[in-house]
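Below, chain A partners chain B and then partners chain C, in two separate complexes.
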Partner chain A sequence: MIDKKPTVYEEVLAAGYSRRDFLKFCGTMAAMLGLSASGASQIAKALETKSRIPVLWMHFQECTCCSESFIRSSHPIVADILLDKISLDYTETLMAASGHQAEKSLHDTMEKYHGQYLMMVEGSIPTGDEAYCCIGGRSAYDIVNEVADGAKAIVAWGNCASAGCVQAASPNPTGARPVHKVIKGKPIINVQGCPPIAEVMAGVIVHLLTFDRIPQLDGLGRPMAFYSRRVHDTCYRRPNYDAGLFVESFDDENAKRGYCLYKMGCRGPNTYNSCGVIKWNNGVSYPIQSGHPCIGCSEASFWDNGPFYKHLQSFPGFGIESTADTIGVGLGIATGAGIVAHAISTNIRKRKHTNKGEVKADIENPKI
Partner chain B sequence: MAQRIVVDPITRIEGHLRIEAEIKDGVIVDAYSSGTMVRGIELILKGRDPRDAWAFTERVCGVCTTVHALASVRTVENALGITVPPNADVIRNLMFCAQYMQDHVVHFYHLHALDWVDVVSALQADPAATSQLAQSISSWPNSSPGYFSDVQKRIKKFVDSGQLGIFANGYWGHPGYKLPAEANLMAVAHYLEALEWQKEIVKVHTIFGGKNPHPNYLVGGVPCAINIDDSNALNAERLAYVGTLFDQAYDFIEQVYIPDLLAIASFYKSDWGAIGGGLSNYMAYGDLPTNGYADVGSFKFPRGIIMNRNLNEVIPIDGTDPEQIKEQIAHSWYDYSDNDPSGKHPWNGETNLNYTGPRPPYDYLDVDNKYSWLKTPRWNGHPMEVGPLSRMLVGYASGKDEFKEVITYALQKLDVPVTALFSTLGRTAARGLETKLVAGWSREFYQQLLANIKNGDTRTFVADKWKPETWPSEAQGVGMTEAPRGALAHWIKIKDKKIDNYQLVVPSTWNASPRDANGNRSAYEASLIGTPIADPENPLEILRTIHSFDPCLACAVHLYDHKGKYVHQIQTF
Partner chain C sequence: METLVSEELVRKVYVWELPVRLYHWVNALCIVALCITGFIIGRPPALQSAAEASFSYWFGTVRFIHFVAAFLFFFNFVFRIYWGFVGNRYARWNNFIPLKKRQWNEFVSVLKVDILQLSDKPILSIGHNTLASLTYFITFLAFILQSLTGFGLYAAMSTSWFPDLFSWIVPLLGGDFMTRQIHHILMWFFILFGLVHVYLVFYHDYIERNGMTSSMIGGWKFIDAEAHKAKPDDKTK
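== the complex of A and B ==
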């Protein structure tokens, strides 16, 4: 049945794109996924020979920012083609059908492709009272269990599905839980962020389509390709940090020069995301570049690690880099001290990373 | 015999909304609107730093992202007596304009159009005739026979694959679809173009706010600094980028959205220009200050209320008056400590969750009692419709020339009377017409920003009340804006530098709320009364009217006989 379907490559051609466009897209995706040139040809081969994988995109306690981010995907053919390269058989945000016709779409896929479809989840699941989120008279809890049963893998979009996000912030009045706290025994990929970067969402899907396996994940279930670097370590303003050059107040002279936002509360030093590398909306900017500190939206419980404008030094458990205050005292001395502090902390973090076993061995990544 | 229809979920909206409607002789005679999801964000805000509230409330909605952040920073600024620098107002206006353009275009093409456009019919279109049609209404360059032929081939290939994805099981072929095949093909082509385009205009948010969805805001101004002589701040390159994005958006709206809207409306005006009017009271808080947010008279979108469709009078609104805006919970799953049926002003608002509905799974709600997670807001006890139609009517009734011009233009073009505005189609048309206004205004604001900078004013933030030590021990404030979906306000009470109470009254609460203590319907429920339903199995008409509001919830519809016996359930799961 699946074999009769046109491949992704055929559909790309039918959509009016050239093979060159197609290969360029594969190259871009490979670069984003951190793959070599041979990775690009692997992607091209996979997309040329595969039919579209059915996807069921479920919505629970959410704000739809993940869906909105997804449609922002910018690389040459992502918006027009990748959206269509999966067969998005259910998504309340975009699907034409409503009511029992929508139900039919959902159930057709669940039955016909049992064990083969991908489940994508936007939103958390309330466990305080099932009635805190009902769709079609049924609770989110029931629905997520039913749809997960036949899914070959689950993609948890954004902070809601990965960690509960804003509704799980203290006192979590509805008992909001992420997918991995509700569903067991299925591979779950936590694509973090509030929302995740569009091209990261596209990148995760391409990875699944291409390699038939879930990407290498960190200890929190996030793909290493996009969440293995701290924003701080990939930030273009990092040299200012190292030189002890800080914004002291929004819109001060230092802000106008683009100095480091650490003292304004920046969470870059303990936030793992691709903002500094891929940036947002096709590489236009990212929060720090536009003058606002990172609020750490790809980390679990970031809402309760506030207030946002209180800088990290005053938080217990934050390491050696809290010396930034003293670094700023004298520029000449501070520059050297900053570099030393930076080098030490980077090494410590590197070791911690490995010792904690956050990097899962390849063998642990189940095939999908 | 009356039947009950339940649509659950209504798709192509944000959130979880369910509608139960009673049908008699092919016409809706009663309707119940229910929000079926709650997160309790107001409870989560208690005790937090008021300067952080914008980030929490922004996550109320990712579709109309930014609007809650804007309402929130204004609320805190109002409480603390902060006036932001002119550049901050202008940059906030520019972000507001970008949001409207993106949101309204996505609503029209991706959430609403499929109620009027039959995708399958586009396969029958003649590409040459489609090209002629497109060129007769617009100078948009993508209009050759070859272009439409390619789009048609792409759709055919897609349909032939057997995997219809998001287009599967639509109401294709429903007798309610009236567009000729060529108009359908043109609309489908523009559906795809709009999907590509919408990711561009949001880059305005990325430049000023670092990302989209959910760009960053700041109490006291905006976070981006201006320095035309540095590469790390807003400089000529960044500003030129913004200007280009607005120019491109202006072209798309003038040459694609507006011509498509009027073309499609011309095929539906005779019936849908008279269906779905609903309430006769319209409210707008107004926005887009041209002389600072404190000067309400300078707003591009004026503030006010129209009662009983009387376009000769605009009544003022006061968000601080404890008697004017109140939220009731007669039919909402909440408790109030004093059980006052007249409701509570948001400064004294309470959010005590208390679900008393049927246990899931359920077939239908107990509509005689409590049946929604939405509270029921009222202005002086009256229900109000909010949204683009309200904004356009308040602008028109306020005597603003720009509003009169654009409304007159559309009425003449469609050859319909002014009363056609009070309808499902009027609501959809008003959304397009205000987008046209906003596209023009965005260029004015952009020039204003450039002029300010040229004159040496680069301030984007005022620091004197930033530190909590400078705040009074107690303060309260209200911040108002116009979300794309309508009047939005936040109310805050600050005590000992922390949030003591925070309440949001959002547009969809006004429109989608259950009836009030006196049994009066809110906008969604009222608008469905009298709507003909050709085929209860395929209630396309309900979607048309509900989508005309651009709901920010997720919905549901079921079928019962007059005794409440379950007949048929239209649902997703």
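== the complex of A and C ==
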């Protein structure tokens, strides 16, 4: 590894891209990040002058869908440069080295760039029995603590690393926890989604490279640029919602007309993500556009908020199909029955007093 | 029955001041409006229509009514808290939080007499009895929680500073879904409370014949003078 590292721009040129391609990439990224018109040149300048940041991309309990999503980004520079050239200090899935060589690469980077490298985590960390996830004979818990120690910032990719995803769903057999529940005292960016949108992932990396600080985050640690609006607010079917036009079942006429999927359990109104704007697979479509309700994959514990095709969560302990409304109606009937019983009892007592001539009982017997 | 209502036996007490009564009815109307619109929002009726979305906005209107009623409900409640510090003794905050032993004794006897009907001894409270007060205190907590979750959910679609004050509740509860779930469950608390509340007003009026129902309109209750004279620790004299 040479001491004077090439800048990102030099890497791009070396990979065979033209300056025009590079500037187009900068413009795309500026638009994705919601920067002003000068943003593109800011990004270009940063990438021209800054060398790549060493990145350690850790994989724990996960399905690699975040990596899969990332390499399918709409702009080739994203995958080619940001991942291939930039991030390859350590990533189990895509690195050429394996075994001891891979572990050596990890430790070399950690030592050489202590306090400078970025740690990117894909997957949750088991804390119940650490043996559930071991790499090179060491537990994920140990590794994540060791690597996080010298990290400048941590990017938690996807729902696993941000909220635990399916592994942390009830009953959470491995005691899976997201990164922010394991690591304290480091800036952590939760790039939510199962998986996150490729352009969102690229946008976060570019932001870190360009501005050298973490982007503005919301209350759950997600970058505001991509997670400040609900899928519902950016949904092209929203006018149908406001007009009260809803799909009642997947095979009805309303589904054909493209009405709102709210009553099919769409989580759009509860989910913060950019699906409605950036969309997926080079902007081709997103779940709602394909006729399926949003399942809220960028929200914590979305697996437990089931069933997916109902808008109310099933109520624990009362059977799979019962919701708060079922229980509410039941309690309402019980209350009504109680009222009737109480009213009958009241009348019997009152009649008894009247018959005995004790109408003024409350006056004659004043002491409590 | 008229013979019972003689001047010697019955004393008129001005219990509910005008601001309290206004608060009560504004609150009642808001809760009814919020429950109806909230129920529609949670489970919209199946209107099969071949219409284009651009010609209709009824669901948006339902939500608008919900939000307006929510603002009214919230500030009405804030006003009631203020009145709990400046109002008359029946409206005071310390009615609602049983800190004294006397209040707990009354609590137990209300439970025995009115709810379980084990005893025929009368309850001689003029304003709220302690059980009722404590129930209202719990509803106040529900008001707060409902306002927090409601405005927390609303914050995402508003650029105004006021709902933004509540936006912290959403991450605290783990996201919009759980916030919405709690908001929805609490609606049932309001419905159940309403049922029992209206029934008990009728019950007390029927048994105690003190004009409880109309007192929330006119403010006056008709108190059994003799019984209250016999009760030494009564503060109403």
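Here is the rule we use: the second predicted complex is superposed on the first by the 304 of 368 C-alpha atoms of A that agree within 3 Å, B and C clash if a C-alpha of one lies under 4 Å from a C-alpha of the other, contacts with A are read in each partner's own complex, and residues count from 1 in each chain.
We take it that a residue touches a chain if its C-beta (ideal position, glycine included) is under 8 Å from a C-beta of that chain, and two chains touch if they have at least 3 such contacts.
Keep in mind the model is a prediction, meaning the values are calculated, not measured.
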Inquiry  = With both complexes superposed on chain A, which partner does A:Gly150 reach: first (chain B), second (chain C), both or neither?
reply    = neither
Ask   = For chain A, which side has the bigger count of touched residues, chain B or chain C?
value = B
Message = So in the superposed three-chain picture, is A:Arg138 touching just chain B, just chain C, both, or none of them (first/second/both/neither)?
response = first
Ask   = Now for A:Cys66: first (chain B), second (chain C), both, or neither, which partner does it touch?
value = first
Request  = Mind working out whether A:Trp303 is in touch with chain B, chain C, both or neither, as first, second, both or neither?
outcome  = first
Ask   = Is A:Lys263 touching the first partner chain B, the second partner chain C, both, or neither of them?
value = second
Note = Note: overlapping chain A surface for chain B and chain C spans 257, 259
Partner chain A, residues of chain B touching it in the complex = 7-16, 18, 36-41, 43-44, 48-49, 51-52, 55-56, 59-63, 65, 106, 110-111, 114, 119, 150, 153-154, 157-158, 161-171, 192, 195-196, 198-199, 202-203, 205-216, 218, 220-227, 230-233, 241, 333, 353, 355, 357, 359-364, 458-461, 463, 466, 537-539, 543, 554-558, 568-573
Key: In the complex, chain C residues that touch chain A   = 4, 9, 42-44, 46-51, 53-60, 62, 105, 109, 115, 117, 120-124, 156-157, 167-168, 170-171, 174-178, 180-181, 184-185, 187-188, 191-192, 195-196, 199, 203, 206-208, 224, 226-227, 230-231
Query = Can you name the residues of chain A that touch chain C in the complex?
reply = 218-220, 229-230, 233, 239-246, 248, 253-254, 257, 259, 262-263, 267, 269-272, 296, 299-302, 305, 311-313, 324-325, 327-328, 331-332, 335-336, 339, 342-343, 345-346, 349-350, 353, 359-363, 365-368
Query = Within the complex, which stretch of chain A touches chain B?
reply = 4-6, 11, 14-16, 51-52, 54, 59-69, 71-74, 79-80, 83-84, 86-106, 108, 126, 129-139, 142-143, 146, 165-167, 169-174, 176, 194-195, 197-198, 237, 249-252, 255-259, 275, 280-282, 284-292, 295, 297, 303, 306-310
